[in-house]
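Below, chain A partners chain B and then partners chain C, in two separate complexes.
What follows is the complex of A and B.
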């Protein structure tokens, strides 16, 4: 299944495109950007290990040219509960919020 | 018994299962065994033949509920390695060759594997097991440990691309512990530090608790193949408690690195 990234105008900040490109970079040739959907879960659907998720955070930091992204706030809820998986769209929204864009 | 220790690879076409001495020897526990399970029939449905024969009925349900074919094969690989290690530990301790399907290694509350179906182990002890995955390979380590103590294992491939790991997984103070060395050596040490964090989290039963900076490497002693990791997160039950530093033994070869940690499981 393929999905246009920005042509539907639902990614005005470009965050989704940035996240998808970074995921493709982490996952390698077996996961080209057009195979990554916003609804995909990083672990269950894309089979990303914890090491891969940490690499993703590092690559996003470099792509965005900024310091550490508080990615852990996506995984730990205010009550301390730890989420074991998030969706690509959650990450795109997070990146948008932390780079001054509009989700 | 059709699946005795000595005939195991005949029972699992599609994977190759072998003892892995290094992590077990590094663990610090006396009765510790580590096994690897490598997929040889990549992307083939070997698991559909193997799972019904070697899994406990409760494990079958978990295996079947995995989100994809690849996830089912990965999960089964890990279980086979874990069952091999647990069976070997029990054989050494009690002389009993437990059948594969009798053992149930099921996910605990936070996903950590828990062994049941083991008789003849004194109540003060238990079989602790930890599972790790890397590409087409899964590994598991098992030990007879005091009840409440756990063992944690993590592995990583030296041949994979690890761009972003230093920036995304470590504080500046941790990166400063890496020696001035050629890139391949720094990468090996970095991977060992990563595995040490993961292994410590597994031994505590918390995992990384959502943030790799919840476990900070405070000492990297290359001469002793030992890494000291400090857990830095507060438990909801006792926010003032500081967890003691944990020591992880590290090692590896040309293709893999590993870390083994032991600790007291948190409630």
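What follows is the complex of A and C.
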């Protein structure tokens, strides 16, 4: 079960760039920003662990100067089912939504 | 950029999986366990595995999420709940999608079984994934109290209170009556009926517990009980009070007697320290302080709880409030 990819890859709010930079920071030198694509799934493609995603959330919060982001709303649907993975673009859309931008 | 290609699939754990799961826990945590222990642990007093899940890669089990079915009394109603226990994923498969697949398989089983509440005692590593990724609420830090033992801190001498302390081999129907007496002392309590107590502390597989009870001198009814164990993993032996239960509005003498007897048993077994979990709002907390138990700050982690659906959240209000809970070491898989 994976979220559908956004149909366009525009990044008017700069959220995608922010997310990609944060992913590169978490993953270290083996994953430079230019190797991270919007279509990459955090788990299956980038091999990020759940702890790495937690660190990613912390970095995003710091970069965005915000309190806790409700990241769990990306993974847990209202009916309680759990998504198995998300794409980089999904996270960028989420960041854009929660920082007042337009996805 | 692609991770190691493999097909990961998560599903409910089945009876035939326990040997593989034991091997997985050995590889991941270095703990020795076996099919009998796992069957006992994950079937709970319900006698059936309900919500544990495994992750398979090319038919090999590489991940496990263990949940123990328990009954919790919440605001006057008994509910089937799931106590989170082990989460183990082999290092090379420790990816977000593996963790979330396992979680989803387990959650689906919980819902299918009509389980609406999950809780667990998370360690510092598990706390952030549970709260940040899954939205589970951290209710409270682990309410640890410790008491030194040894020559400088001797246990109380025998007292002549008239209380009759016994060491029951198991938990008989008197404990069912005792549970009926105390079951609404706190809004949220694990159901401590005889079936649960026998599963947890008497008919165990691979664990030994010392059971103490105070009987009423005239009627023989149960006035309180304690369950003890010794954790030999620690340097110098650590005595642990897994459970200490007395009625909330009764004379505290039964609690004093049980605590004193517990400390004497630990001392006779050469323990150098004793510990217990007890929330500050409970009636037993001040009694423990009088016996020189000292509250200790604990690291990240602690009690987490989550309703599994929005409907459950409506039916089970207030689970995020620590003062509604009664929690003991034995309500976790720590001991």
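Everything below uses one rule, namely that the second predicted complex is superposed on the first by the 94 of 103 C-alpha atoms of A that agree within 3 Å, B and C clash if a C-alpha of one lies under 4 Å from a C-alpha of the other, contacts with A are read in each partner's own complex, and residues count from 1 in each chain.
We take it that contacts are C-beta pairs under 8 Å (C-beta built on N, C-alpha and C of every residue); 3 or more make two chains touch, one makes a residue touch a chain.
Every value quoted in this text rests on a predicted model; they were computed, and no experiment measured them.
Superposition of the two structures on chain A leads chain B and chain C into a clash.
Once the two complexes are overlaid on the shared chain, A:26 sits against chain B while remaining clear of chain C. Legend: residue contacts after superposition of the two complexes on their common chain; A:34 is shown touching neither chain B nor chain C. In the superposed model, more residues of chain A are touched by C than by the other of chain B and chain C.
Contacts of A:48 after superposition: chain C is touched, whereas chain B is not reached. Legend: residue contacts after superposition of the two complexes on their common chain; A:80 is shown touching both chain B and chain C.
Looking at the shared chain after the overlay, A:66 reaches neither chain B nor chain C. In the superposed model, A:57 lies in contact with both chain B and chain C.
Overlap of the chain B and chain C interfaces on chain A comprises residues 44-45, 47, 49-51, 54, 57, 68, 71-72, 75-76, 79-80, 82-84.
For chain C in complex with chain A, the residues that touch the partner chain are 1-4, 94-101, 103-104, 107-108, 111, 125, 128-129, 131-135, 308-310.
Chain A makes touch with chain C in their complex at residues 1, 31, 35-37, 40-54, 57, 68, 70-73, 75-76, 78-85. Put simply, chain A touches chain B in their complex at residues 25-26, 28, 44-45, 47, 49-51, 54-62, 68, 71-72, 75-76, 79-80, 82-84. The part of chain B that touches chain A in the complex is made up of residues 67-68, 70-71, 74, 110-111, 133, 156, 161-169, 194, 198, 207-214, 236.
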